[in-house]
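Shared chain: subunit A. Partners: subunit B in the first complex, subunit C in the second.
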Partner chain A sequence: METLKTDFVLDAKGLACPMPIVKTKKAMNDLEAGQVVEVQATDKGSKADIKAWAESTGHQYLGTIEEGEVLKHYLRKSSNDEAKTETKHPVVATNEELEKKLQGNESIVVLDVREEAEYAFNHIPNAICIPLGQLEDRFTELDQEAEIFVVCRTGSRSDFAAQKLAQNGFKKVTNVIPGMSGWTGSTTTINN
Partner chain B sequence: MSKKVAIIASNGGLFDAYKVFNIATAAAATDQEVAIFFTFEGLNLIHKEANKQLPMPEGKEHFAEGFAKANVPAIPEMVAMAGELGVKMIGCQMTMDVMGLEKEVFVDGIEVGGAVTFLEFANDADVTLTF
Partner chain C sequence: MTVAAGVKTISVKDLTSKILNHEKLFILDVRNTDQFDDWKIEGKNVEIINEPYFELLEGVDSIKDKLPKDQDILVVCAKGGSSEFVGEQILEAGFTNVYSIEGGMKAWSEHLEPIKIGTLKNGGSIYQFVRIGKGCLSYLVESNGQGAMIDTNRMLEPYESFIKEHNLKLTHVLDTHLHADHISGGRQLAEKHGAKYFLPPKDADEVKYEYNQITDGDVYDVGDTTIRAVYSPGHTIGSTSFVIDDQYLLTGDILFIDSIGRPDLAGKAGDWVNDLRETLYKRYKQLADDLLVLPAHFMTSIEMNNDGSVSEKLGTLYKQNHGLNIENEEEFRRTVTENLPPQPNSYQEIRETNMGKIIPEEEKQREMETGPNRCAVR
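For the complex of A and B:
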């Protein structure tokens, strides 16, 4: 089984309800906004509980991987800056425009700058995964001449990424708005 | 504004204690404001000595094994956790007077108040529960 890169792994195995939730809450307090936590639990009710907890508290529930008895839940701490809608990169496209290009088999690159665990549970087929925090170290993996469409969840991280790419010699960079939060096209997930 | 959960704990058995503290800690961990009003036998749940050996309902003693197997925390631990999570615990003054109990026999951090103290909190609560 593939392991997903996270900022923190919380061991809540063997604990009964409501302990996995209580421990998750405590762990979340120590994380920075935007960081991802893996919560390992054996409480079968935790799958529904963690999801409901995330919805109530405003954190992002990414998904769950079942490994035998162990449920591995992935959550991303909410960040306020993502609520903003103002973006700075001048070239933007809507989800629909990107979907059309994909359907038309145009030779474009879809760059997904969300965290690895977010990407794992739901991404556009063939999208390249480079989390925003790693982008500057991984420019060489991308072709400066390619037509690159940058996506994230809401269009905020992808805006930062698009600006960075444009500043570093990438010529055809487009920020996709809003991105995966409103994506209705086809996707791929680790949980098939 | 976070949601408010108001709980009345008026029974003193082990099952009652878990019902109260599971809901209370889960709600507090979900960023909800929680207050529990302990009245009559419910005071046992926060009594320093009594809450270490709360009785199972008659005929259900065999569940002790299940509790151990499911790795359920003991009630004093649940109380401490509730306190850490900011759950407000109010002991009923009237019951304490009737039973001749002083605040010192209860766990640290509780408040003592009357029905109105609780009602003031419960007045605009989103959820009110009685156990």
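For the complex of A and C:
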């Protein structure tokens, strides 16, 4: 089983309710907005509870991987910039426009700049995963001449990414709005 | 169990007694709301509210106004940990009589309460084991030192203590059908006590173990009484009812007090509708009106008698049960095949376990059985 890169791993193995959530809550307080935590638990009930807790607190529940007795839950701390709707990169496309291009088998690159764990549970097939925070170090993995469609969850992180790419010589960069939060096309997940 | 100072505990056995005595109870269920909506503690005088424990980690101020000041507060969660945690928060908020329900809904789901239904003509009695948390009913017939069990649940301890206490020799263990909502303990109980295990062969196509076949009209002698098999398909194709001592009719999952069986849990709703119709509208009609119907399930506490038992005369059900009074066959078909409630949790895995195809670990079996039984249509 591959390991997903996260900002923090919380060991709540062997603990019964309510402790997995008590600990997760505490860990979340110490994280920065947008960071991802992996919570390892053995209490089967923790899955439904973590999910419900995340919904109630506004954190993003990404998914759970079961490895034998251990449940690995992935959560992303809620971040304010996700609420921002104004984007700066001039070239934008809607989800539907991107979906049409994918269905038309056009030669394009889909770049997903969300965190690795977000990508793992739900992404567009063949999308390349480079989290926003790593983008500047990994420009060389991308072709400057390619037609690149940048996606994230809401269009905000992808806007930053699109601007950075344009500033660094990438010629055909499009920001997809809103991105995965509204994506109805086909997806791939680690859990299948 | 060690308890932090202040929060008292109440066992599911004591809780059951209180509910069966119709005591006024206030329960705070701190599981998440989906689980609460799916399945919760019920009783005639039970007031229950839900607030997930993870909303109460910092204290109970948000629900303080909903908690009674002059009454015990019972807190329940999935297994008993979070209820204790929240109980402490409630004490800190100034309340005094706060109880955590020991073992939570897991223990609640597994508790069996034996209730005497009545006596037999030549001596002996019939008992109903009420699994109050899940709505499952199983039966023990005892006559002249011998015993028979019908629709045994997975937890054998309550039956075994009863058998020991009454000094019985278990001779017959029967299942009315292959269950889809709970794991049968029948085979295991029979093995442990040297009794014969019986199952209707039409439900047993795929079973992986030896069993004795139940055939329509079979009569089993238990002490000085008899159990007679009446083939009554419809919930499953093998479903068989038992007439005991010419007084009691064990209907399995075919006929309940306020509802009838659903025909779809083996994936064959359409095929079995006619069988269900035939059983309920013809076969059962040929039986005596004054037989006391004893089903394998109840759905709500409304179906309970004052002593907590679940029973009604067949003749009365023909007057009052909606499912027995649908004249139009097409309407009947629609009622039992369309808009059915969700299927019981893990019903496929439960069926496979009862066939002996899979043998999950105990903890897994518990988890599979969590939730309501949902074997009926109204």
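As a working rule, the second predicted complex is superposed on the first by the 192 of 192 C-alpha atoms of A that agree within 3 Å, B and C clash if a C-alpha of one lies under 4 Å from a C-alpha of the other, contacts with A are read in each partner's own complex, and residues count from 1 in each chain.
Keep in mind that, in the parts below, contacts are C-beta pairs under 8 Å (C-beta built on N, C-alpha and C of every residue); 3 or more make two chains touch, one makes a residue touch a chain.
Note that the structure is predicted; figures quoted are calculated from it, not measured.
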item	value
Superposed partners subunit B and subunit C on subunit A - clash or fit	clash
Which superposed partner A:K25 touches (first subunit B, second subunit C, both, neither)	both
Which of subunit B and subunit C A:K44 touches, first, second, both or neither	second
Touching partner for A:A16 - first (subunit B), second (subunit C), both, neither	both
Touched partner set for A:S56, first subunit B, second subunit C, both or neither	both
Set of subunit A residues, in rising order, touched by both subunit B and subunit C	16-19, 21-22, 25, 49, 53, 56
Touch list for subunit A against partner subunit B, complex	14-19, 21-22, 24-25, 49, 53, 56-57
Residue ranges of subunit A touching subunit C (in the complex, touch as defined)	16-19, 21-22, 25, 44-45, 48-49, 52-53, 56
In the complex, subunit B residues that touch subunit A	22, 25-26, 29-32, 70-73, 81, 85
Contact set on subunit C toward subunit A in their complex	32-35, 52-55, 57, 77-79, 81-82, 85-86, 367
